[in-house]
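Two complexes follow with subunit A in common, the first pairing it with subunit B and the second with subunit C.
Right, the complex of A and B next:
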């Protein structure tokens, strides 16, 4: 209401030549409507990012604001000499290499099967999605029943087939595998539903036409289904990559054993973010920790750019056909 | 003829294989939830006994009573629920308004700003979360719920995106007619666009609610034990006087914690699945 008032006032004062043309008025309205997001973007994203970047060039430890010093790139050069950084980057890369292909492959396989003429598709879809609803803290608690070395269901099952009962430490010595299992359990449903929607979007005529031309099932899959799904695989890969490399929740929760809450993550899942988190929240090394965060940001950015660049080699581009 | 029978047999075999994979995978996926539920009515001695027994001798329902008597579970649950509902409502309203602007206004800068919205969806959130924490703690906003409300007031890129996609499909005539009738832009959004966006509103509300209800990292970083939310409270609560974990009570609490989410899923399955699909096909 008030804007209309001021508009008419402005119009009157510039008699004849309205200052606020329709286009200008619409521009103003647009910026008014998006202002909450714009303010949030500036104050809750840009400013924290800048603060983080500024902190990474200092020796800030949470308490020394009065004696804070600019240390240049020291925190960054230190990161390159930190053996724990080297180790945790390695673990994170292994984590990504294990988790991502398994998740993509299994979700895709399940979607392919469900896309057949399957009885009870809705029920399977529900069962597959249910784990994604379980909050991560509870997911880890529930999985302990299965992965516990001595009383866990999995070792118990394996022991049925081994001469001696086994006590594989799925959550410490072999935590990489335990964590991968939990992670795929949590993500399979989401991946499968997205792939299934993609598969259902492939027109039947295309597959029929290929069959009439003499293509067998494998050829239809390889040259039509897989090709048309590449944009979705690509997108899932990018999102999965970004979330894998910043994984913190899972190793943090797996580490929390018994009464000790400050224990260090087992070496196999000592991921990059665990190292960073420890620097900031356990050791109070804010300067160093924020430098590690920015290095993660740059690392993920480079990987994302590489994947985007690789698109032209394997992702089907349908924009030339005017459909998108 | 022979080729036909061969094809038929092949089809049968692949069907049986398909169903076997589906059934085995379903069993594996369900098992953690199943074990959590049956173990939640065991006493700890049964949970830690060898050889392992899947079912308890008699169900100990008192584990569920212990959840409520040992911790202020109800208080924390109500707090988490209220925070989730209120911030979900705020972020839904703001995101719909911003999404409406991006869908219907093509003005200088709108395209570039929308790219920023998309870019924010792929910035690793952890890189922002930790400096945010530093900022909040300087402003004395840690151990309050302000971070949740401030972030809700700024809208959420993914929800803005969902609303924009939905509003893009509205006919231009709808807007023009309203404008001719003298409707201001805010009224067009509030009285014409928003009431017609119920499916997206439901999807966004549910996603935003689940995000807060299930969260672990933010309450862990922002809040102390006195003010914390369910995710953190349940990951660390339930110890006996000697300080040892009461494992099965934690499991019972977990079951109660997950139950509302399962209910929401069964009621709003369509909206949720649609939201998930959009999240994956937006590229």
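Right, the complex of A and C next:
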């Protein structure tokens, strides 16, 4: 009896019911709206990643599709025995240790200064952001003129204060410092803008209340501004870390010499990505090169996980606000 | 009856519609684009158009689409237009070939170009991988190209097998070439250094070049204001091979399965010369970068007293700063035996994957032997591939006359082409040289360590190449 009534009720309620229910419409709308990104992600990220992973287990060299061989984990084990891999990892760690703190510190400092209520700060913000808009190839060309050892502007300036002209090799022996300078010049504006956005999100009432309670500028900075900015600093740290390990364009452009196609980055800036690039595009070791890239991915992932784990010790968590 | 008002497009509907449109655009964008011809740079010189040699009509109309992977400033839009106007059935697409990896990508995608620009060292490797189309019947039947008229540099594109370059089937030809080890010297700087003006009738030895470079390298404190000698480090192994060739020796063993460097006193001595030049800062190196970014620029600004480049450089060797002193000299020698200094021989091949060899050959023949070759000859940017066009090389200025005189002597050398290794890429050895030279000059490794590292890594690369090619 109950079943017949239920079935009757069901038949009645189903008569005239549209296929596209409200829930289905919402789901379809969702997928249609994210489809451009999703398609791009699948075709431009997922598929190349899978192909790259598959390539890393082969001896592919760009031309041997008809005689390609599966080599198992050989490419991965080779990386651990390659002295140039160890060297380039070391140089990359040094690059990250030098570039990242300087970039974070200087862009935060710049944001603090330009968050003050001074005349013309809009213009200053624009001026400091402009280098970020310069294409990297043009920036490196300009900086090579400045940093050129024999006739560059920087060494000419230093030579004014030395008994004999100097020729400090900013792009070879001291390329790590030269490259750091160029990188910070290019990236300062972007970092500054993000920190500025964070600073402007700090309520003025907190700072005023602290001042009323007798806090000086340093105490306001240390206990309010810095604390509330830790989520932004954390974000910048993670993005900067990933970017540092993936650095390729800058050392490649610094190294490019005339019409030569075999310029190699000087040893001080022989970064991990430079070694990978050389393996793939000079030596034709696509299989080995993609294995190196996957190892880089794993390394960055581990480092990022460590940074995420560390955030509980130093990143301000405002999600517990309101719990009284 | 009242009309129903038009339904307003809601925000949700507008978002759905735009999402659909963008998704459609993304899907359309995923389709393989048809490569468009790239814009060509301005040609360095403009030669008047000469009378075009006539051709007998072909029996069958040639039709199709030909993809040419070349340098856009060499295979220009004007050339494409002129060819298509005279060959209405064929369309030509030029793909920028300045990055070799694009060729690999097209090959992997199953759509390699029909014609591909390359240099002589790539021929053995490409042949070993069966990437070259045998053009022998086309060359033999050509009305524009007389095989006897081909300059000896074209022998780099002939091969009986990957290890027998120089004779056999014909796989291509040069677009133009240069004796590559000739020297451009600034005699004004020689005189300032107290050296006699260079003799353009006699080749210097490499020892003499080093001695001159020592006197021509000038430092002001730490600043290098002038250096003695610049050379193309990317071709360093070709120079080693050419020097060893003076005594019929090779950088490799007989079947090219191993590099022979540490156990060959002659090879070690040659490499030591290049190392010493860098160590004494007589030339540019990873530790002593070029002031102008490229030694070719340094010669123009009088920062380099001698540079080793092929005849093609004569088209740009003169500047306001050096015009009174620039001159061309014969290529140097190691033992006193003169070898043909041609080591690059830039040309093109038709790929074995071409679907339309007749159309590909028609385009190929036009570019290499028809009006474009005459224009190239008149531009002075290289020696024409056809000997009958050598008289078109410019000889108007005193410098051009002097350079041509030296060139004649180099062209008369006519020795067998170098056998490049088919198992490794053309940049492998020079990249190892640059990397290890940097370490050796920095004191991280010794000279002998450097030699051992270059030999070891090259042999690893050769073994990998053999495995990939032989299967």
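Methods note: the second predicted complex is superposed on the first by the 299 of 324 C-alpha atoms of A that agree within 3 Å, B and C clash if a C-alpha of one lies under 4 Å from a C-alpha of the other, contacts with A are read in each partner's own complex, and residues count from 1 in each chain.
Convention: a contact is a pair of C-beta atoms (placed from the backbone, for glycine too) under 8 Å apart; a residue touches a chain by one contact, two chains touch by 3 or more.
The model shown is predicted, which means the values in this text are computed figures rather than measured ones.
Asker: Could you say whether A:164 touches subunit B, subunit C, both of them, or neither, answering first, second, both or neither?
Answerer: A:164: touches subunit C, not subunit B.
Asker: For A:236, decide between first (touching subunit B), second (touching subunit C), both and neither.
Answerer: Touch status of A:236: first partner only.
Asker: Quick check on the superposed pair: does A:271 touch subunit B, subunit C, both, or neither? Answer first, second, both or neither.
Answerer: It touches nothing on subunit B or subunit C.
Asker: If you tally the residues of subunit A touched by each partner, is the higher count for subunit B or for subunit C?
Answerer: B
Asker: First (subunit B), second (subunit C), both or neither: which does A:116 touch?
Answerer: First partner only.
Asker: Contacts for A:248 in the overlay, against subunit B (first) and subunit C (second): which applies, first, second, both or neither?
Answerer: A:248 sits against subunit B, while subunit C stays out of touch.
Asker: What is the contact status of A:294 with respect to subunit B (first) and subunit C (second): first, second, both, or neither?
Answerer: In the superposed model, A:294 contacts subunit B only, not subunit C.
Asker: Examine A:150 and indicate which partner it touches, taking first as subunit B and second as subunit C; both and neither are also allowed.
Answerer: Both partners, subunit B and subunit C.
Asker: For A:194, is the partner it touches subunit B (first), subunit C (second), both, or none of the two (neither)?
Answerer: After superposition on chain A, A:194 lies in contact with subunit B alone.
Asker: By the touch definition at the top of the document, which applies to A:59: first (subunit B), second (subunit C), both, or neither?
Answerer: In the superposed model, A:59 contacts subunit C only, not subunit B.
Asker: For subunit A, give the residues common to its interface with subunit B and its interface with subunit C.
Answerer: Shared contact residues on subunit A: 29, 33-34, 36, 39-40, 43, 144, 150-151, 258-259, 261, 281.
Asker: Show me the residue ranges of subunit C that touch subunit A in the complex, using the header's touch definition.
Answerer: Residue list for subunit C touching subunit A: 12, 15-16, 19-20, 22-23, 25-27, 30, 101, 104, 107-108, 129, 131, 220-225, 232-234, 286-291, 293-297, 425, 427-428, 430-431, 434-435, 438-439, 442, 444, 461, 464-465, 467-469, 471.
Asker: Taking the touch rule as given, give the residues of subunit A at its contact with subunit B in the complex, in rising order.
Answerer: That would be residues 1, 3-4, 23, 26-27, 29-31, 33-34, 36-41, 43-45, 47-49, 51-52, 55, 109-110, 113-114, 116, 118, 124-131, 133-146, 150-151, 153, 156, 185, 188-191, 193-195, 197-198, 231-232, 234-236, 238-239, 242, 245-246, 248-249, 252-253, 256, 258-259, 261, 273, 276, 280-281, 286, 289-290, 293-294, 296-297, 300, 304 of subunit A.
Asker: Taking the touch rule as given, give the residues of subunit B at its contact with subunit A in the complex, in rising order.
Answerer: Contact set of subunit B toward subunit A: 15, 18-19, 21-22, 25-26, 29-33, 35-36, 39, 47-52, 94-95, 97-98, 100-102, 105, 107-110, 113, 116-117, 120, 122-128, 130-132, 134-135, 150-151, 153-155, 160, 184-186, 189, 210, 213-217, 220-221, 230-232, 234-236, 239, 243-245, 247, 250-251, 254, 257-258, 261-262, 265, 269, 272-273, 276-277, 279-283.
Asker: Enumerate the contact residues on subunit A facing subunit C in the complex.
Answerer: 29, 32-36, 39-40, 43, 59, 61-65, 67, 69, 144, 148-151, 155, 159, 162, 164-169, 171-173, 257-264, 266-267, 270, 278, 281-285
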